[in-house]
Amino acid sequence: MDKISRSAAEAVADIPDGATVMIGGFGGSGAPIELIHALIDQGARDLIVINNNAGNGHVGIAALIEQKRVARMICSFPRSADPVVFKEAYLAGEIELELVPQGTLAERIRAGGAGIPAFYTPTSFGTELAEGKPVEVFDGRSYVQERWLKADFALIKAEEADPHGNLTFRMAARNFNPVMATAAAVTIVQTTRLVPLGAIDPEQVVTPGIFVDRVVEIAEPAQEEELNRAGAVYP
Amino acid sequence: MSQDIESLKLSNAQIAWRAAQDIEDGAYVNLGIGFPEMVAKFQPEGRQAIFHTENGVLDFGEAPPLGEEDWDCINAGKKAITIKPGTAFFHHADSFAMVRGGHLDVAILGAYQVAQNGDLANWSTGKGGVPAVGGAMDLVHGARRVAVLTDHVTKKGEPKLVAECTMPLTGVGCVTHIYTSLAVVEVVDGGFVLREAVPGLSFDELQALTGAPLRAGNPVVPLICPEELK
Amino acid sequence: MDKISRSAAEAVADIPDGATVMIGGFGGSGAPIELIHALIDQGARDLIVINNNAGNGHVGIAALIEQKRVARMICSFPRSADPVVFKEAYLAGEIELELVPQGTLAERIRAGGAGIPAFYTPTSFGTELAEGKPVEVFDGRSYVQERWLKADFALIKAEEADPHGNLTFRMAARNFNPVMATAAAVTIVQTTRLVPLGAIDPEQVVTPGIFVDRVVEIAEPAQEEELNRAGAVYP
Amino acid sequence: MSQDIESLKLSNAQIAWRAAQDIEDGAYVNLGIGFPEMVAKFQPEGRQAIFHTENGVLDFGEAPPLGEEDWDCINAGKKAITIKPGTAFFHHADSFAMVRGGHLDVAILGAYQVAQNGDLANWSTGKGGVPAVGGAMDLVHGARRVAVLTDHVTKKGEPKLVAECTMPLTGVGCVTHIYTSLAVVEVVDGGFVLREAVPGLSFDELQALTGAPLRAGNPVVPLICPEELK
């Protein structure tokens, strides 16, 4: 009953080619850079990556795409300050894109974690993003049926974690991380501070350990925004 | 039922003990109100299960001493519990996201009837009065292993393991394991497979007390529980 | 931009006859006893009450039923240590019951707050509680369609509240309270401690103020379980 | 467009100022990325709106001084923000529960085109490149008032307020208020109602710049904004 991995490399070692991987973060906030870079080092290919964005600059998800490991992105906003990596891969036909409205993306992931195979939302009704999806009228208003989204693995960035995987997050770095933690068969967490069991107040646990499989401490994590401002490139 | 068979029957504590032996270290477990709650007492040495209660607490501790209850810290049976290192609180929608989302390893419930295809009836006798379902219909779809603890037969001696449930269903095809006062039975491919039986009871005797065909497991192991729990 | 009410009576004054009212709590934990008793004093009738249970003893929801104010209960478990009030009213045909599985009840309320008019769940499939509801098969498994649940008012018990309605809860008294706070047109909170704006750490807010309309401080709230052990009767 | 009309046009700051005047004290408001973000600067004295950003922050403060950014504390436009008394953090599913659940009072967005029935096109020009939608399709269904800030016409002088959108839709029948460089228009019963127009512009001139019939409000008020924002 100890979920601690000794390194990011160990934590991501068994992610196979073709895996579906949710990656937390909204832009650079909450992006688990060290886990993503360990996944690059590890070599898995043909990944389906689920994230709000599609990378920025030449680190993190952008680096994963630049290394040609991503077959398909599921995201809401594949633009950024420096979107060149995704843009070139997309326009060259090297990467598929499934564009999902941001709230629908969050809700589909939440549904995946909560055992809800489908739900109805007003979002995207009457738009091209609803094409081919069932529509139903409730109380006189039209709604689009959306399906749950699950993953084989989730890569999550937390602020604090205990050995059972109870997590807290840091400010707006919370974003998709707690939701994705619920929706993957294997949830892998990098935490800035690994704390003893009992150190997190039971009232303040944001993600209970039931959703977490592996925890690795990365005490001084890189921040994507800062890496990009410094012009970093990985590897 | 003959007095002989009555004397072979396991106590509720023994049934709970037996169920506890199958819970792995680190498993996330929900114990139904009443009899299943006893399972928590019998975790094998060296293993630590983490208990979930559907009213929003994970990894809670034992009951507090009498008179030291905090009635804001209760389980689904509305009994007082305690916090311990690792406890987390969350709201009801998150709690049932854990349940329905398949995050529990084991759910353990009582039963009125279990059918050979895994159908469970445990919430209503269908006889009128005030119906009440609680979380049972969610829990039976929420865990990788859904285990039932039950007497093998009713007080009148009628089988509780049946071909088809006659009482209102809690869930369809949901039960995977059955721990009874006489046997351990698994539901496999729409039928009952006998894994363990109490010593002194023949296969035919057990079959006579069961409302649907039993297939003998390979092997059928003697079901031996601590005598002091009798 | 101040949501503070001076008394429980003031906070519930405009709840009309026939209103749908969500009431937080699971058994006695988290039950907003003072708001319920103010609602009894106020006199509204023919209420539709949504709660996990249907009252215990002769205080809180049981007292509201005993005073014949409730036309219909929507709940999962109308039993308790002392269920006589609901039981007698129900068997006499004086109160209607809509029985909802507990997880479905929580999810229907969450859906009401989240703008999801309907969703699918495995819960209750093949049982009499699914009768008359649409069924759909996803990935080979059958699911029941459930509708959102909303209310005109929600009565909520919080531990801390600030003047903007940011809330925390106390242990398992959290239960249905944060979910119901999202699903009512008017959410009324009784808080044990009214604290200044900024006193609740932004990381530790459980219910953000956007879901809250009124806050009244009840500094030493009654606990239903303790009232019942003392044999209390209201009024 | 004649140079005369060009000189009558409000600046973006003036449009944002005008939109800000309609936000009530205590309103929960989401401001779209870019131009709509300017609205926050122009809250009238004595009123306090509470701003929501879809990446999980409510009631945040102003941008920090340059060099003091914490890049874990950003808004949906990925610009640095700050916390202040009352701020709350939450995850993305909770954030869009606020949006889709109708808890926002006002959402303010930009537009490529708005149709007379309230259809909005603001996410894609339909011309290829990399499509990106973000939270726009959620926000247009999430607020009691969905307001658009826009030039009245395109750079080429074509109407942006149209009979029917020709560009890919963001949402159907969702826009309630339009603040343009020349007018304030409401969508009422499937048509444009003119509430305010900049002084010096006749109804017929404005109609000529609008791609669907305008009904004159009763009254049509002069649209006057602070000169210093020009």
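As written, the chains take the letters A, B, C and D, and residue 1 is the first residue of each chain.
The working rule: a residue touches a chain if its C-beta (ideal position, glycine included) is under 8 Å from a C-beta of that chain, and two chains touch if they have at least 3 such contacts.
Quick caveat: nothing in here was measured; it's all calculated off a predicted structure.
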item: Lowest number of touching-chain links that must be crossed from subunit A to subunit C; value: 1
item: Higher-contact pair (C-beta pairs counted), A-B versus A-D; value: A-D
item: Chain centre separation (subunit C, subunit D; CA means) in Å; value: 36
item: Rounded Å distance between subunit A and subunit D, as computed from the means of their C-alpha atoms; value: 30
item: Whole-Å gap separating subunit B and subunit D, where each centre is the average of the chain's CA atoms; value: 57
item: Residues of subunit C whose C-beta touches two or more other chains; value: 107, 110, 114-116, 121-122, 169-171, 202-203
item: Touching two or more other chains - residues of subunit D; value: 83, 89-90, 93, 96, 99-100, 141-142
item: Pairwise chain contacts under the document criterion; value: A-B, A-C, A-D, B-C, C-D
item: Subunit A - residues contacting subunit B, complex; value: 1, 110, 112-116, 162, 164, 166, 182, 196-198, 202-203, 205, 208-211
item: In the complex, subunit B residues that touch subunit C; value: 53-57, 70-75, 78, 81, 83, 89-93, 95-96, 99-100, 119, 129-138, 141-142, 168-172
item: Residues on subunit A engaged by subunit D in the complex (per definition of touch); value: 26-30, 52, 76-81, 83, 86-87, 90-91, 97, 99-107, 109-110, 121-129, 169-179, 206, 223-226
item: Residue numbers on subunit A that touch subunit C, as the complex places them; value: 107, 111, 114-122, 136, 138-139, 141, 143, 147, 168-171, 202-204
item: Subunit C contact footprint on subunit D (complex, rising order); value: 25-26, 28, 48, 50, 52, 58-59, 83-90, 93, 96-104, 141-142
